[in-house]
Each structure stands twice: as structure tokens, then as C-alpha cells.
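I have a structure I would like to understand better, so I am pasting it below and will then ask my questions one at a time.
For clarity, chains are labelled A, B, C, D, E, F and G in written order, and residue numbers in each chain start from 1.
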Amino acid sequence: MEFILAILIGIFYASGLYMMLRRSLVKLIIGLILIGNGANLLIFLLGRITKGLPPIIPGESPVFLKAYADPIPQALILTAIVISFGLQSFAIVLVKRAYSVVKTDDLDQMNSTDQFS
Amino acid sequence: MKTIILKTASNYLLPLLMLFSFFILLRGHYLPGGGFVGGLIAAIAFVLHAFANGLENTKHLIRIHPGFLMPVGLALAFTSGLAPIFYAGLPFMTGIWFPEPLSVIGMVGSALFFDIGVYLVVIGVSLTIIFTITESA
Amino acid sequence: MIQHIVLYPILIQVFIAILLLFCWSRVHWQKVISVVGSFLSLGIAIILFITTWNEGTLTVQAGGWDAPFGISFVSDTFAATLILLTAISGLAVSVFSVGTILPARLKFGYLPIFHFLLLGLNGAFLTGDIFNLYVWFEVIIISSFVLITIGGEKAQLEGALKYFTLNIFASMIFLTAVAVLYGITGSLNMADLSIKVAAIENRGLVEVSAVLFLIGFGIKSALFPLYFWLPASYHTPPPAVSAIFGGLLTKVGVYAIIRVFTLIFVGDVFLENIILTLAGFTLVSGALGALVQNNIVKIFSYLIICHIGYMILGLGLVSELAIAGAVFYLIHDIIVKTNLFMVSGLIYRIKGTFSMRDLGGLYAKYPLLSLLMAIPFFSLVGIPPLSGFWPKLALITESFKMSNYWLIAAVLFATFITFYLIAKIWSEVFWKEGKVLPKLYNFRYFDKLKLEKKVQIVAPIIFLAFVSLFIGFGAEYIQQLALRVANELTNNQHYVQSVLGEQMIAN
Amino acid sequence: MSDVLIAIFATLGTIFVFLAAVGLVRMPDTYLRISVTTKAATLGIGLILIAAAIYFNELSITSRVLAIILFIFLTAPVGAHLIGRASYFTGVKLWKKSVMDDLEGKYKKTTHKLSSEDSNEKQEDVKK
Amino acid sequence: MTLHNYLYLILLPILAVSVLLLFIRFLMGPNIVDKVIALDLLITTCIGIIAIYSIVYNQPTFLDIAMILALIAFLSTVAFSYYLEKRNKNE
Amino acid sequence: MKSRFLSNILLTFVWVALTGGFEFLNFFFGFVVSFLILWVITVGSGEAKYFIIMPKIIAFLFFFLYELIKANIQVAYDVVTPTFYMTPGIVRVPLNAETNMEITLLANLISLTPGTLSLDVSDDKKVLYVHSMYISDKEKFIDGIKNGFEKRLLEILR
Amino acid sequence: MLAAILLGFLFSGLLVFTGKFLKGRWAVLSASIPFVLFVYFAQFIGRVSSGEIISQHIVWVPSMGIDLRFVLDGISLIFSLMITGIGFLVFLYTSAYLKNHEYLDRFYGYLGIFMGAMLGIVLSDNVLSLFIFWELTSISSFFLIGFKNKEESSRKSAVLALAITGFGGLFLLAGALILGSVAGTFTISEMLSSKELIANSPHYIIIVAFIFIAAFTKSAQFPFHFWLPGAMKAPTPVSTYLHSATMVKAGVYLLLRFTPVLGSTEFWNSTLIIVGSITMLYAAMHTLFRTDLKGILAYSTISALGILVFLIGLGTKEALLAACVFILVHALYKATLFLVTGIIDHETGSRDITMLSGLRKVLFPVAIAGFLAAISFAGIPPSFGFLGKELIYESTLHYGNSAILITALAIITNILLLYSGFLVGIKPFTGKLPERFSKVHMPSFLMWIPPLILAILCILFGIFPSIIQESLIQPAVTSLGENGGEVHLKLWHGFNTILALSAITIGIGVLLYFLIKPNKKVETAIKKLEFISPKTMTEKFGNGFYYFSTLWTNYFQNGYLRHYVSTIILFLVGVMGYTLLNNTRYRLVYSSFTALTIYEVITFVIMIAGILYTVFTKSRLAAVAALGIVGLTISLIFVYYSAPDLAMTQFSIDTLTVILFVLVLYRLPKYLNLSDIKTRIKDGVLSIAFGGLISILALEVLAEPQGSEISEFYAENAYLLAKGKNVVNVILVDFRGIDTFMEITVLTIAAIGVFALLKLRMTAKERITTGIKK
């Protein structure tokens, strides 16, 4: 299981990168989202995974009665997801604005700021 | 969108979703949920309303500018973090609690107010973003 | 309870930013709050610095949870110094922004975002938790995204896209590195990691995670071959924004690299060689890039890259003296680069262009201002005894001690190019007779500004010029400081002890 | 006893869901897919959720389950209506064996106004 | 066969296969509308999977996720419809 | 005002059911929360009173469940058998229902039963366009809706 | 002494604010500064000549080994007196030369800084503080050369001069630092005791080479000489002061200063002799082809500097004595001639030697000064120059095996120098006065007195060498480490070989003066050879280098984001791949893995298919929908593996993201397939390598044990201390509350950003535009 998840994370990173290497603005952002998801899953996996035992103290007992999943990676990912959401929404709007100003979705045509002047 | 079916549905879905969002906010300390998801659901409720009734109506409904919720939420979260410093000279964000739990909410303390701050910010943020995009679409 | 002060630089910025948000539509109040707040935060930074200097490393455990369970905030001399520098630059840029940023931008949250950026910087310098550092980095980059795009001009957007993409990408790599580190240690507290990482048998994994950190931070601090976002974007926003970016933003990356590689990943020869190689190429590549530019802000942008090389070089040389050199350079660079971009703003204000070809005649028309501007220029080059000169001594000496002659060559080369470029800028921008340029519409030239505005533009430049003069002529103080920082960094057990307490280490 | 009940509800629910899935794959046009599936799934999910409520046998959970069911029943038809309508706008064609299309020519192309009668003035046709 | 095994070994796989079928429809399209329908139904089916899963692992907590799914799933359908209508209008 | 009060009570019950705590304080708290929500969104311009006709509602629910299951099975049969016996089409159904609430409920109920789908309501609210799988006889189909769902529904609502 | 150095700086600092006051007739007062300093240094003559070394030590940056340690010994004294003495005269001269010049105050400011810095160089005993002052002279020279900054050639010369001297300066820095770390001290006088250590160090050659480069660039030695003729763009007082009398001698000073520490080795001596002799000959030849007075003077200066380097290279006691004397000789006559040239230029408006003649009729005192200086230049008795030349011949004649060769070189050089001295000092004043110069006036006495004083000294020191023998020359030679024996300066040595050589020199030289008439044709002819001159070579190298920089920069910063990304990834994959694959043990601990079930497999299949579909679909909307599916499957994984909060959040965020995309997308154009198949394959390979490495990394980490004390602490205390049962939520709002606080801050900022990005439209009123439409 962990093995497949590890491969899957690799696929996330690989396809995210591949998307980033395209010329389309939208693909670029989708690529970033994919890599972000991969990173979140990586934290999840490397924090070690446990099935069916959420880190919620059950019923009336003050502490856990049996093993539970590590809550730290979950908290970290939660923070990371939310932050990526902020960045994503900004990115999406940036794309929209860039498109309306530059009038193209093609990243290759957005290189005026790198040229010598 | 001009469809009375969605419009009518959104009118009864809105309070229901708001109720849920509040519910999810409050029980977050004990069960899955909390300020973040709660805030998202509240925001989604309004977004749904906006889809059905048009943005102007939704804005009219909310009355305050959703952006205003961001500083309010931040201030609430910040104050709940500062409280322990002024209250007991404890470090920033140290939890301070009322001794007895309330029946529905459970223990009331600075962490709860912090979570409410999160809730408000999330609503403010989501609505600001979506409304802004919709307006300029 | 004295350690509470550690969090104050963060709390004051939060406070200012929230206050500014509440004053969303009252731009005038915002200006007042920003400047007054910046003064306050400078005061706090000074107190923190003095306290840290006298008391040694201070730690506050946020939430009252002992390390490594909560998030620790640590003020050692290094952090306190950077807080102080941030406050100084922050104050200068705050005033400069009040003077130069268009009302349209101010109405859309420029100042709150600016203070959020300072908040992020302060947080990044003080935090003792690796994931929390990630969060502060995000605060920094999102604020910088907003600042770089605010106004939405075409060039801004094109630059921002590259800036955005590569910085987000850096964050992902950073996050990946955190995942690996957590995966092998189960901890996030940097002091705790310092102990735990040392105990890990699989050095290969430690090395890989170190490489990931290096690249993640390397992108942010604009090392070769990771710097591309910087020349693409730094010249696009308003000069006040470029000033804070040029002065502080890349330095956070450098800070993080130094912190991580002195606290967590210590003593790996392979990594040190990589760092040195990167430093050398950064010096050369930045210099080459700067050489061919015509836009003065672009020249400065490439010089940022170039000069990052010095700091990284100091780190890579590992010795205490070399790290002191890096720290000295960092101190100098923050002040001077901030000032340099403000100066470019002033030049733009006077002539309405950044192009060296079109500029000219400043010295004839504004002799005193020109002399004022000469201070950051020549400090940057390190015309002795101005501030940029001192740290190079240690860097060259230590490279020599490592028998790394080509590094000496790189340092000298970079210095030479900088030197040449400043001479060229002086000759082209200040000496040359200015062309008659087409008038810009809607542009308030410096002459036409009210005295109040002029003061808001020039005063911060004077302020930072004095600071950099102090760094140059009071080099002994700065060097003492740098040596102490270097000493604390190379003997990281003080840091660890301060965070974890005595008994934790014993276990 | 309750185990049997749970098994029945869960099985029925699963079958309905499964059939909906098969229907979605098999149905020849978009309207039929919407028509068939959204509701079958709704019923199926409702049954499965009831199974869960019986299993946990706790008031707060039962009420939560009812809330979910209520919600699905409130939203699913609205969603189906919206997407069906959107299909028609975007020119999704009816299955070739369809017997009638009363909606043809009723939408005004630019404003999406829907009239109730075949009016005398010629309506623009959405479908091409 | 216990209830748990029955749910775990028979019903869950059936639901999973249903998900697979729905996904196939998603891939097949042919219209974007079909993809949206498939997505909507996928989410609904996931609610079922989660419900079964919560029984199998005796974790009522998971039902809360199902609740969230039920609350929000509808919105993407609304959004897509909104998009389709608006795009169509502007052509 | 009255309707808002009723909505308020209704929401309070939903709250209590959700939280599962049947104490006075919870009722009170639920009431306050609902009140605040209603105050914020100022919803409820009269529709809520209809919900109090409980018996009719229950009867209607059973009728609806019956229809639901019956239609489901019919469709299921069509789905699993290799050949299709469908005669689908879009039918124009004139409406007796007038208010938004009435129309919406009717349309939704039609949609919820398998094989039929409310596509849209005309702008003048006089006609509902329904897509159906089995239209052997158009008049019969319209009649089925008008005398089945619509009639029963309007009985409750009016 | 610090005060003496600072006085110059203080003066110029003051000028920034009081400049206007000094621009007028009070300008002459500024000469009081060098005068006071001259008197100050002169009062040390007695103490220094009695063998005392006056020193001052001020702690500055001890932690870097930089102290302000000043030493006034013989050689420093000579230089100090020259700097302040000639400085005094130049300051006086300037007040008239640039009278009422708009920027006279600035000019004095630069001169003041320069003087201070120059004093700093010659007084410093700390090699790093010496470097500091060294750089300051370069900078002030930069400002002075570029003083007429409206002329492009001035600016170019200034930048060139700064580049060359700055380049040398860096070598001085490196050399000094290496020397310091080898010797263990930066104090020059302390280095004397470790002379052996330094000479035997493996770094000796590099130290010496670096210091040579510094000295050669500053003192305009071949092939670094070419900046000096360009520097003549500066006003004449600058040429006088910096580029003949003082600054260019800083390199010579450096060599002299380090002779006791680094000298007397094969490498030291032969390099200096070779470079010195090439320079002196090469430059002396050049004077033949020049028609511009200042050009001739510039090349003759280079030649003289060559002689000095050559003498230091000889390194014998005689040679060093000759060097000490010749420094003074050269300073006096060259300063005079520059000032004279300045007067000619100032009054006639021409410096072209072919045009000038007969000026004695209108500028008689100036003619006298020129004549006297030319005599000294030519080395004709009884001038001081004669004395200097005798000493030079004496030292070459006593230089072992190659005495004849080097003496011959010296003679040729001197013959050529004589010619050029006559050309500058005598030619303009003799012959017929052209009509157009008949109305030339005598300048203010402030201008002609200074050269006259200097010229008189040229003769005075020749006739009465004893004035300076005991007081200046002897201590200077002593301070160079030559303690053996007394120094005797005499005009008349009797008839000997040296006298004969002098006679030959003078004879041929004078003959040359009457034979060769300078003309433009020769000058233009020689210009054809420019393409192999060091200057052209340097320029070509500069252009080539610039071209290379352009290529390099364009290669990396080519504007294509995807190139940036792929470069970064290539680097990442390279380094990470190397470290990872080097250390990987490729072991999978299957037993520690959780079992795989059918529903998980299906989830994964869908997830992977969803990702691939997202990547390869041609429809943007479909990609977004597929992204929604991917998000859903991630939520499912979070459900399977016990993370309910995550599942909820992931799902709600994904839904919101889809909404955002949908709201934004319909404005965008259709996806275009823009890259060719080759690019796609390349990108694909890179992506797979990247993803593969991440997977391997993940598996490697999973094979390691992981500590869990922190999560255990959370689990134990979440309810007891933090009153919550959902540990994840407790972490978020309590244990790691600051993370969450900053997370909502990030959201707020993002929202403001979105708001500003979409709502803020610069109105036409706010947008700054040029009048010209493109």
C-alpha cells in the first residue's frame, strides 16, 4: 500500500512538472496544484499511515485507548492545503488578469521583462 | 442564472447550510470540523445564493462587505492569542479556559475564540475572492 | 518573563496590519499608522537586540508548550540582528512608500500588505520550528505577490508570473524537504532536529533532505542556477516595493540557508562543496548579467544575485571567520540594497526613466542629492572603508586558507564588475548631459513635488545612507557583532540549550 | 436482527448505486443519463446511510444521517435540473429515437428567456 | 460471514466498481455535461463508500465527512452549469 | 413575522437533532443560533407556514416513496436488460402551481423519480418542460403528473 | 598624523556645504590646507633625519587586523613633503586656473580627498589601511579625470582609469590579505622580521605577483600604461598633481615600501627590471610621435615611472638611492612642465606643439620656468636632473654581468627623454611668435609663481644637493633597509665613465631635438599600429567579454518560464539523484506496509487515470473536472487512512477551486497544443526522472524508523491539557496555533491580492504615459 502511494506521489510530482513545462498559463497552474497535492500526500505518507483509526479521542475517555494515526502530519497538511488554496486562488486570478492584459494564454509570449532594454 | 427552481432551493438551503457551518465550527475541538471547514461551508452557502439570485442580491442580504470579516476575524484570533499575555502573563496563544464546560459547546476558552476568528476570516476571504471574480467576470 | 519580548516584533506587525485593514478606505490614517507603527517596531527591535545581546539567546514557547511540542521562537544574536535590520529598512521603506506610492495602490491595501510582509520577515527570522518557517515563508511570498502585482501593469504581470511560479515551486520543494525530515525524525523543532538529525545513521537521506532545503531556499535567495525569477520581476513593481524586495526578500532565503546549515545539517563535505560551487557561479553569473543591462534597476537586480554569492560563499567556507564575513555582508547588503532601490526610485522621480541611455545630468542639477546617492553606490562596491569592503576581507582570507583560489578569483571578479558598473552608472547617469526626454503625462516630477513629499522621498535615503556609513566606519562594532553571530552559529549548542532547556539535552 | 436489517439496507443501496453507474455508462443520451442516474443514486445512498444509522444506533448519528439524506434529496433534483438545462443550452442532442421535443425553439438564444407558448414571432433556435 | 466481512468484501468492492464505471463515463464524455454528471454521481457514490467504511471500521466520525460531501458536492454542479450557460450566452 | 418564527422553530429542531443533546440549554442555544442566522439572511417571506400540515406531509411522503421505488425498478429493468424499451422525449406540462415554492417542489419531485427530469420552467411560470423516458402517450403522461404529484402537492401546500 | 590625513577629507566634507563661499576670490585660501600640512611634515625633518621613526597607532577594526598605524620614516617623509608641497603649489595654481569655474568647489573637494588619501598611503604601516587609501586615490582620481564630465571622452577616460587602477587595487587587496595570513600580521614593519618565512612560503610568488599588478596598474607600467594618456583629459592641475607628481608614484612607493620585505629575490628583481625597462623604452619612443604637449608629458611620465621601477628592480643600494633622488627630480621638473603647459593652454588655447613658438615674448617668467625644468629634464648640469641621471648610470654600471645592456637601455631612454623635455620646456618659447598669439597676456601671478618655484628648486637642489642629502635622501635610503654607509650627493664627480655617458646622452639628445620636427603625419602614422597596442587589445578583450556576458545571460535568462523550470529541475534532479542513488539501499520492508484492498486499488487507478487525463486532455474544462476527481480521490485516501479533517478540508477546497476555475475560465481562449513532440518527450523524460526520484526518496524514508514522542505527547495531553478530543484540531488551534494564525493571514493577503488585482484599474489619470504613441 505504502509502496503504491509512494509511486502515486511520484506521479503527482512528475505530471505536475510536466504541466508546468507546457506553454499554457492554465496548465501551469494545474501543474502547481498537482505538485502541491503530491507534497501534501508525501507529508501524509512519510508521517506513516494508519488505517481506520482517526486521531480523535473516542467517547468519554480522556485519552486514546488504542493506537491512532499520527495527528501532526494531518495538521501540517491542513495548514498547507489552506495556504495552497490562498495561493491557488491568487494564481487563478493572476492568470485571468494576465490574460486580459497580455491577451494571450501562451507563456512564451510573456517574456518582455527579461529582455535587455 | 435565471431559474426559479434554483432560486427557491437556495432560499431554503442558505439557512440550513449556515446552521451546519456553525455546528461544524463549534464541535471542531471534539470531532472533525472546526473554524476552517465551517467557514468554507458558510461561504459556500452564500456563493450558492449568489449563483441563484445574482451577486447584488446576495451582497444586499449580507449587508456588510464580506471583506470586513477578515480584519474582524484576524482581530478576534489575535486578541484570543494576546489574552493570556494580559490575563496571566503567559506566552502568546497559551490556552486559557473557563473552568466549567457549557453543555453544547463544551469547554469555552481562548482556543474557541481563535477558531471563531478563523471561521470569520475564512468566510471573508472566500466571499471576497469569489465575489470579486464574479463581478469582474 | 523577559523572553516575551521575542514575540513582540511579530505581534506589533500583526497589530499594525490589522489596524490598517480596519482603516481600509482612510488612506491618510493608514499612512500615519504605518509610519508610527514602523517607529514603534524599530523601538521594539532595538530593545530586543539589546536584550538578546545582554542576556544571550532568548526563547519563548508559543502557547506555553515546552519545546519540542509547541512552536518555539528564538532570538539569538543572528535573529535579533536581522529583526533590527528589518525594522530599519522597514521604517525607511514605509516613509518612502508614503511618499511615492500612487493613491490608487494605497487604496487597495498596499500598506497593510507591506506590513504583512514585514510580519512574515520577522516571523521567519524568529521562528525555531521548521514547518512554522514554511508558513512564514508563505506569508512572505503571498504578500510579495500582491505587492509585485498591485496595479496590474503589463510588465508587472509578466514578471509576477515568473516570480510566482518559481517561488511557489520553491515552497513545494521546501515542503518536500520538511516531509522527509519529519519522516526520518518525527520532529519539527529545529533545535530538536539538530540533535535528532545528528543521530541518524542513514546519512544519505539526511543529505538528500539537505539538498532539497538547499534548492528550495536557493531559489528564494536567487542562487545560480535558480535565480531566473529575480531578473524577470524585480524591476517591474514600484521602487518602494523593489526596495523592500531587494533589501530583504532574498536575504530571508540566505538566512534560512545559513540557519539550516549551521543548526541541522552540519559537517557534510559534499554539501559544502556544492554550496561553494553555487556561490562561485552565482558571483560570476550575477556579475555577467549586470554587465550587459541598460536599465539601472535591472543592473541592481543582477547585482543582488551576484552579491548573494558572497554570503553563500561565507557559509560554504564553514569557518567561523568566514561565516562572520557572510553575516557582515548580509548586514551591509540589506541596508545598501534597500537604499539603492529607493535611490533608483528617486532617479525615476527626477527623470522619469530607468534607462541608462536616456538618463543623465543629475550631478549638474542635483549635486547634493547626487552625493547622497553616491553613498549607497560606493558602499555597494565596497570602496573602503565603506560598508561593502569589510566582509570581503574575511571571505578572501578564508578562501585562501582553504586553498580555494578560484573562489578568490570569483570574489575579485564580482567586486571588479560591481566596481566598474557603479563607475559606469555614475558616468552615465550623473555626469553625462541628460537628454531632453518626452514628457510623461500624469507624472509628478521631483521638482514639482511639495516639500512634504520631497522629504518623504529623501529622508529615508539619508537615513539609510547614514546607517551604511555607520556600518562602514563603525566596522569594528559590526564585526564584533558578526563574530558573535558566527560564534553562536558554529557552536549551536547554545541555541539548542536555550530552546530545549538543560534536561531535554541530557535525554 | 439489526445486522440483517443493516445488510438488507446496505445491499439494496449498493445495488441501486451500482445500477445507476451501469445506467450512466449504458444510456444513449445525456438527458437519459441524468434522468436515470441522479435519482437512482440518491435512493441508493439514502438506503446505505440508513444502514449506517441503524448500525451506530445513536441519536446524534441518526440525526446526522437524516440530515445527509435530507440534503441529498434537497439538492440532487436541483442539480439535475441545472445540468439538464445547461445541456440543452449547449446544444446537446436528444437520442435519435426520442419521440418529441417540446422545448425546441422555446429558448431565446441570447437571453436564455424561456417562453411557455409557441409565439407568433419567430424564436431563435438554440440548437443548431 | 460476519456483517463486517460482508460489507468489506462484497459491498465495498461493488461500490468501488461502480465508481470505476462512473469514471469510465467521465472519460468517455462525450460532452462536458456528461463529465459533470459523472463527477456529481461519483461524489454521491463516495458518500456511500464512506458510509460503509464507517460501519466497517466502527468510526462514526467518517459520517461527518459524508455530511460535508453531501453539503458541498452540489455546488460544483451549480458552478459548471453556471459556466456552461454563461459561456454559451457570450458566444 | 409569524413565518419567520416558525422557520426559527424548525431550524431549532434541526439543530437539536444534529447535536443530539435534548437539554433545555441546547434548545435555547439552537433557538438563538437559528434566530441569528435568520436575522442575518432575512429569509422566510411566508412559505414556512406550510410545513405545519404534518399529516398530509406524511401521507404525501409515502406516496412519493412508492412512486420513487416503482419508477426505480422500472428504470433498473431497462438498464440491466440489453435492449432499450424507451420512448424518451421532452414534454411541455402546463402548471397549476403558482408560487415559486410550489413550482420548485413539484419540479424537484418529478426530477427525483427516476425516468423523469424537470428541465426548466418557462419565464412566465406557466409551463414546466419535462424530459421523460417513457412517453407512450403524451396526454396520459401529462395527466399522470397533473393528477398525481401536482394535485397532491397543492393539496398540502394550499 | 591621522589629523593630517583627515584634514583633507574634512576640508572636502566642509566644501559640500560651504562650496559657494569658496568658489569666488577666497579660493586661494584653500591652499592654506596643504601649506599647513607641509609645514607640519617639514618640522619632522630633523627628527627623522636623526634616525627617529615617528609613529602613531589608533585602534580601528582590530578584529579584522586593521589598525590605523602610521609611520613617518625617511621614504614617507619625502613623499609627504612632495604631496603637501606640490599640493600647495597646485592648490594655488588652481585658484587662478579654474577661477570662477562653476564647480571649483567640487574640484577642491576632490583634490582634498585625494591629498588625504595619498598621505594615507605613504604613512600607513598597515597594509590593509594602505589599501583603503590606495582605493580612495583611485576614486578621487576618477572624479578628477571626469571633472569635465560633459565630454564623453573625459567620462570614458575616467571609467577606464578607474577600471584599470581598481583592477590593480583588487590584486593589492588579495595580495595584502594573503601576505597578511602568511606573515601573521598586517603591519608592514612587523613583516620585516618574517622576511624569511614569507620568501620561503609557497605563496611568495603569488603575493609578489599580486602586489606587482597593483603597482604596475597604478604606476602605469606596460602593459597597463594606457590609462594614463587618457587621464590627461583632466584639467592640468590634476595632471600635474596626480598623474605626474604623486598618485602614479604610489605604485613606485608600494614597491619601495615592500622592497625590504619582499625584495632581493630573483623573481622580484628580474620582473621589475624587465617590466621597468620595457616601459621606459616603449613610452620614451612614444614621445617621438606626439604633438600634444600633455601627450608628450604623459608618455615621458610613463617612461620615468619605468625608470623608477627599473631602478627598484636593480635593488642595489646605488639603485635605490638613484630611485629616491629621481622621484624628487622627476616630481619637480614634471610638475613644472605640466603647470607651464597649463599656462600655455590657458592663455593660448592650444597645446599643439607644432603650432606653438616664441611665447617667451609674452610669457617670459613662464619661459624661464620651462627652460629650467627642461634643463633638469634633460639632465644637463648643474640641474638636479643631472644629478639624478648620474646616479642612474652609476647604478646600472655596477650591475654585474648585464651592466652594459642595461646601461645602454638607460642611455637610450634618457636621450629620448631629453628630446621630449626640450620639446615641452623650450620649443614653445623659442622662435617666432605667431601673429595670433601676440595678444596673449601673462596670467595671474598665482599661476606662474608655482612653476617658477618648482623650476628654481630643480636647479637649487642640483647646485646644493647637501640641502636634501642629510635631511631627506639619507633617511629615505635607510628606511629602505640599506644601512651600510653614508650617502653623498655631489654635482661634480670628476671625469669618469659616467660623465662621458652623460655627455653622450646630452649630445645625441640635443642633436635629435634639432633634427626631428614633430608633425602630425608621424602621429597619424603611428596610429595605424594602434591595433596591436595594449589599449586596443584590452578594448578588444573587453568587447569580447561583453559579448560573452551577453551570450551567457541570454542563455540563462531567455524569458521562457519553462526553460527556467527545466533548468532548476535539471539541477535538482542532478544533485538529488546523485546523493540519493549513491546512498539508496533499495530495500522495501513489505511487512511494515499495510495490506492492499480492492477499493484502494480502484481509488488509485482512478486517481492515476484522473491525473493523466488532466495532463493530456485537450479541453480546459475537462481538465478542471478531472482535477475535481483527483481531489475527490485524495479525500478518499484521507478517509481510508484516518484523516477525517483532511478529507473534509481537501474536498471543500477542491470544490472551491473548481468554482474559481470555472468562474475564470470562460474568458480564456482554447487550449493550444504548442510544443512539438521532441520537446514533449524531453519534458516527459525530465518529469519522470523527477517523479521517480521522489518516489524512491519516499520509499527510502519509509524504510527508516521514526520517532513519535511528540505525537504521543499530543495524544496524551490533547484532552487533559488542551481540552479537546480532536487532536488535529487541538494542534491547529492550540499546540501549533501560530501556524493557523498565519495561515488565515495568508488567506487574508491572498483575498486582498485578488481584490486589488481585479478591482484596481489604473485610470487614465493615474497611468503614467509618454506623449509619444508607439
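Keep this in mind: a residue touches a chain if its C-beta (ideal position, glycine included) is under 8 Å from a C-beta of that chain, and two chains touch if they have at least 3 such contacts.
Since the structure is predicted, the reported quantities are computational estimates derived from the model, not experimental observations.
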| item | value |
| --- | --- |
| Set of chains whose contacts include both chain E and chain C | A, B, G |
| Higher-contact pair (C-beta pairs counted), D-F versus E-G | D-F |
| Averaged-CA centre spacing for the pair chain G and chain F, given as whole angstrom | 85 |
| Centre distance in Å when chain A and chain C are each reduced to the mean of their C-alpha atoms | 27 |
| Geometric centre distance via CA averages, chain E-chain A, whole Å | 22 |
| Intercentroid distance (Cα basis), chain G paired with chain D, Å | 79 |
| Residues of chain B touching at least two other chains | 1-3, 5-6, 9, 12, 16, 20, 30-33, 36-37, 40-41, 44, 47, 67, 70-71, 74, 78, 92-93, 95, 125, 129, 132-133, 137 |
| Residue numbers of chain C (touch at least two other chains) | 14, 17, 21, 62-63, 131, 135, 138, 142, 145-146, 149, 152-153, 161-162, 165, 169, 176, 180, 183, 188, 231-232, 292 |
| For chain D, residues contacting two or more additional chains | 22, 34, 38, 42, 58, 61, 64, 67, 71, 74-76, 78, 81-82, 85, 112 |
| Complete list of chain pairs which touch one another | A-B, A-C, A-E, A-G, B-C, B-D, B-E, B-F, B-G, C-G, D-E, D-F, E-G |
| Touching residues (chain side chain F, partner chain D) in the complex | 14, 17-22, 68-69, 71-72, 75-76, 79-80, 84, 86-92, 94, 107-124, 126-127, 129, 131-133, 135, 138 |
| Contact footprint of chain B on chain E as seen in their complex | 61, 64-65, 67-68, 71-72, 74-75, 78-79, 81-82, 85-86 |
| Footprint of chain B on chain A - complex, ascending | 54, 56, 78, 82, 86, 89, 93, 96 |
| Touching residues (chain side chain A, partner chain G) in the complex | 1-15, 17-28, 30, 33-34, 37-38, 40-42, 44-46, 48-58, 62-64, 68-72, 74-79, 81-83, 85-90, 92-97, 99-100, 104-108, 110-116 |
| Residues of chain F touching chain B in the complex | 7, 11, 14-15, 18-19, 21, 23, 25-26, 29, 33-34, 37-38, 40-43, 100-101, 103-104, 107-108, 118, 120-121, 123, 125 |
